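Heads up, there are several structures right after this.
In what follows, chain A forms one complex with chain B and a second complex with chain C.
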Partner chain A sequence: MGLLPFYNEKLYASLSTQTKIMSDPRLDLPQGTLDILILKTLALAPSHGWAIAQRIQQVSRDALQIQQGSLYPALHRLERRGWIRSKWGASENNRRARYYELTSAGKKRLAAEEVSWGRLVAAVSEVLGTA
Partner chain B sequence: MGLLPFYNEKLYASLSTQTKIMSDPRLDLPQGTLDILILKTLALAPSHGWAIAQRIQQVSRDALQIQQGSLYPALHRLERRGWIRSKWGASENNRRARYYELTSAGKKRLAAEEVSWGRLVAAVSEVLGTA
Partner chain C sequence: MFADLAYRVAAIFGRGRMDSELSEELQFHFEHQVDVFLEQGCTPQEARRRARLLFGGLEQVKDECRDARGIAFFETMGRDLRYAVRLLSASPGFAVTAILSLALAIAASTLAFSSLVQAGLRPLPVKSPDELVFLRSPGPHPGFCWGAGASDATCFSYPTYRDLCDRNTVFSGLLARSNLGAGLTFHRRSERVSLEMVSRNYFELLGVEPAAGRLFGSRDDSRTGTLRVAVLSDTYWTRRFRRDPAVVGQRAFLNNLPVTIFGIAAPGIDSLTPGHSPDLFVPLDLEDVLIPGQPMLSDRGMAWMNIVGRLQPGMARQRAQAELAPLYRQLIRAEAANIPASWTGRQQFLSRRLDLLPARRGIEPRIVETLLSLSGIAVCVLLAACANLAGLSLARAAARQKEIAIRVALGAGRGRMARQLLAEFLLPASAGALSGLLIAFAIHGAIPKILFDPERARTFASNPGPGVLLLAFAVSLAAAFLFGAAPALLPALSAPLRALNTATVVPLGLSHARFRKALVMAQVALSAGLMFGAFSFSRDMFKRNNGKPGPEKENMIFFLMDAGSRGYYSPQAERLFRRLEQSLAALPGVRGVGFASGSLARFEVEGRPLETPPDSRVYWVQISPGFLANTGCLIVEGHGVGSERGWPPRAVLVNENFKRLFFDGRSPLGKHVNMAGGAPAEVVGVVRDEGSPVASSLPSVYYSYTGATTVGYYVRTAGTPELLIPAVKALVEREAPDVPLYDLKTTAAFLAENLRFDRLMVTVLCIFGLLTMALAAVGAYGVTNYVVTRRTSEIGLRMALGATAVSVVGTVMQEILCMVGLGAIAGLLLPPIACAFLFPANGPNWAEEYPVVVAGTLVVAAAAALAGFLPALRAARIAPASALRAE
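Then we have the complex of A and B:
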């Protein structure tokens, strides 16, 4: 916390509130970014789709709100590529839900994506003069 | 420099070299990110297309290489939206080249995009545990 050059607790909290009010479309995630968030969330624990989106929203303090229309295509894409696998299980309220977990290929992919994300942020920050 | 949690001078330099060797597709820029880089570059000085791409590449120490196939559609899109405007001029080697400059609407847009980018990075960093 507080390590990012443009990170400012108060500003961030106020912007985060605005996100919900304004539903700012700029926080729609680029596809690659959504993938890394899903892989990271599943690296912590297997989970069903809705819980993945909810956890991302919570951890980002509501800044990242993943719509179902983005989430499920992303899950299917990641499964097709062999980075996650799924099986049916029971959700907290005892309904059938599809559970997703990271494969070992997915773990490697996550590590690579984390490096790429770091590089992208570093490079863009250089151009923006915030590095 | 050195402020980003995942920024590491040596790692970055070695990865940057790999980018060229491997032509790693992961540093392909999400569309919104390319826009902000172009607007930022033009905020420093009016420029022609090729020089914009070259400057972004230089400042990011080769991490960001903008292809013509991405650059020109982005410039046209930004011009259509009124954020930049262009006119013909002479390039350094005295050839005719189209020069782009930021409009006042473009300045506002850049400021908004910088805030959004900072929020996105902060939010993703929270999820990745690098914040």
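Then we have the complex of A and C:
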């Protein structure tokens, strides 16, 4: 038993930089879905990285758990593309935190993504016969 | 897109700040995670541990963020460049040579290309230049042929031009042009100008607009007072009159002819012969009043003008040529009726045909041909430099082959590796290219000055503009990449894993060493070819120069006095010229003075038919009494003539050339010759060609001065002639303040100017030849070095088994000599092929040239072998034990 926790932790760590692939009830995120989740979250209110992750987890009732290894590169990528912008502000517990908010280009992008996501889901459901 | 770029740039420059912000951001997240675990009841220590585990590698996340920000590309590029610098500085000698040779080669080719584009590839700035054709008719011509800036085959007589104008059915118009020098006097200031003699329809046909005033046209006539007019070129207007519009309508004197300045041609309108740039445009029909006594307009034997035609709309060049052929045959036949049947060139003359060639870039530009061959040579040098660059990148790729293979095996992207190798190539390439461009920019203004004499350089539109320079530069750089980098990069990237086993790059299916040897061979061959070019060109030049200039020609000053342009008549002019002669002779340091005036005229020789083709005209030179004795001319036949007293009236002397051509080498003494229409004169002496200051390549007749108003003075000096020039100038200006004096210089300077172009070609070929020789030597050094390094263990083994230093050097040198020898053989075969390509018309005589070729090739081969000898020596010093351990 002495070695086993260590082994488990190693395994856990090796998986932790990726979006969680865990057994039920958590889900595997399809490629590119993270971006739309971030944009949607930010559309409600500007927030910092931690809050974004928490909010996605809450709203999906723990089905989606975003790891920071995916979250932060995604945030920086979105900022480079001009869909979100960042500025420093004070967090709830009065700490300095980086807040992200949606730009107008980001809003357009989100709208477009929502439409195409809807069509994708509908199409996939159609094929699976669950519509 | 722009925002993206701005973000990346900001990311690069604010990298430090961004990194600390990133750390802070991730720290914030981390502490929240710790708080969560604390709330779940962990100890603080346990909470931090679990948070860290959940986090994974902090640095990894940071790295991914940097990637996402898009600065990774620049960061790795910077790293690649730093790495490349380190690698290059490990072998600075080779790197510097590669960079330097590439710089010189790129400068040379950039300049050659941009001059080419500017001189000949730009269409003429006239209306629909594609409709223009020039006429060309190769073959012998019975009479005088004067190239007017182009080859003899493009010269026609004025009557022929008139006939073609009147009777053709294919042109919407034909124009004629020629060039002449004349004295222009404006407001009592005189200077020598170059005239473009053009038919009156010149500007109409080309569709040229005036920049000011009017241009003459075909409807001018005497009633409107527009007959004696001249049009200034834009460059001359700028240079002489500072673009003063008031000059239009004023009167100037050309030689002695009053003309009205009618207008100014639009900028950019120069001669139709590329490289020539006239000061004034003058109607062709003024020739007989401009140069009295030489009626060239009515003479079918005088071919002195080029003809350019504008094809009727929709008329194809080939069709026009076919339709024109019968007319031209008629003209030729009519002309041949006046030629004696004995003329040997008769059949060839009768079979002359008329070609129409596109004139959108001007008339048969010799300068374009020259620049084309210069560009060809520059390309050769560029290729030789590229070969070294290829050798350099190949050596790098080979040295890193295993390392690359390991990196690829460990997961390095192919693109990433390509970027790194590319950085290694781009560093020397761009360093070389940039310095090449700087050199080109620095000296491009000097190119026309080098190519032409100062008079013409002044007017050759000298600025190709940065666009053309940059284009040429880009082409050179692309060539450098294509031939310098591609052969090394492609194989290294295409099969990196195979390299793990084979340890050598295999470009183009050759082994690495063999490929590099092939490059050196090519360099040796190229350089031998260029050396040969320089040798044979300079020999050709000396041949044309009729051997060496004699001492008489060396210590001599020449200048031209144009009294006619100031209204002097013969008796006045003669008094002035004689007085000047005496004063000049009295100057300290002057050994003798004479003056002469020459003109081309027909002549008759007693007992021979009137027309004596191929050239019925000789140079008639009227000379002052003391001319022959004072300028050092030798009288080889005829005793006692040509002394200070002169010679009997109605007597002439001929030169050796004349004797050879018209008396078949027999003595002409006592025979009679006469200038066409004049009374016969007895030949009393023969003047030696060598040492005569007057053009000795023409058959000449010397006779007593009879009152020409434009004469050339020949002042023979005791010492260095240059020192006397100021004194001569001051004296002439004092004695004859109102008569313009031109071209005051030493005859040596005259000769040098005539040979200027040939000298330039020799210099360029020599420089390029030496450059490629240096490149070949560097290449040979690099290859030998590589061979020695590769065979280190083998050599060590041999030496351990008792091989001597001499035999080791011998083995290595064997390999090198074999390579150099093959290159030399290729070098022997290359020049004939290259010359056939570059000078298709007048290729050199190979039986004569081969000793020179062999000598040049040997020099190059020796240089390359010597360069290979140094690393071979290193092989001999290899310590067997350490060499064996190295593997």
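Miscellaneous remarks
The rule we apply is simple: the second predicted complex is superposed on the first by the 104 of 131 C-alpha atoms of A that agree within 3 Å, B and C clash if a C-alpha of one lies under 4 Å from a C-alpha of the other, contacts with A are read in each partner's own complex, and residues count from 1 in each chain.
Note that in this section a residue touches a chain if its C-beta (ideal position, glycine included) is under 8 Å from a C-beta of that chain, and two chains touch if they have at least 3 such contacts.
Just so it is clear, the model here is predicted, and its values are computed rather than measured.
More chain A residues lie in contact with B than with the other chain of the pair chain B and chain C. In the superposed model, A:Ser116 makes contact with chain B only, not with chain C.
Of the two partner chains placed by superposition, only chain C is touched by A:His48; chain B is not.
With both structures placed on the common chain, the touch criterion links A:Gly69 to chain C but leaves chain B unconnected.
Look at A:Leu37: by the touch rule set out above, it reaches chain B but stays clear of chain C.
Applying the stated contact rule after C-alpha superposition, one finds that A:Ser60 touches chain B and leaves chain C untouched. By the touch criterion defined above, A:Lys108 lies against neither chain B nor chain C after alignment on the C-alpha atoms of chain A.
Chain A residues in contact with chain B (one complex) as well as with chain C (other complex) are 12, 16. By the touch criterion given at the top, residues 9, 12-13, 16-17, 48-50, 53, 67-69, 72-74, 76-77, 79-82, 88, 91, 95-98 of chain A touch chain C in their complex. Interface residues of chain B facing chain A in the complex, by the touch rule stated above, are 1, 3-7, 12, 15-16, 19, 24, 26-27, 29-33, 36-37, 40-41, 56, 59-61, 63-64, 112-131. Every residue of chain C that touches chain A in the complex is listed here, in rising order: 3-4, 7-8, 11, 21-22, 24-26, 28-29, 31-33, 53-57, 60-61, 64-65, 67-70.
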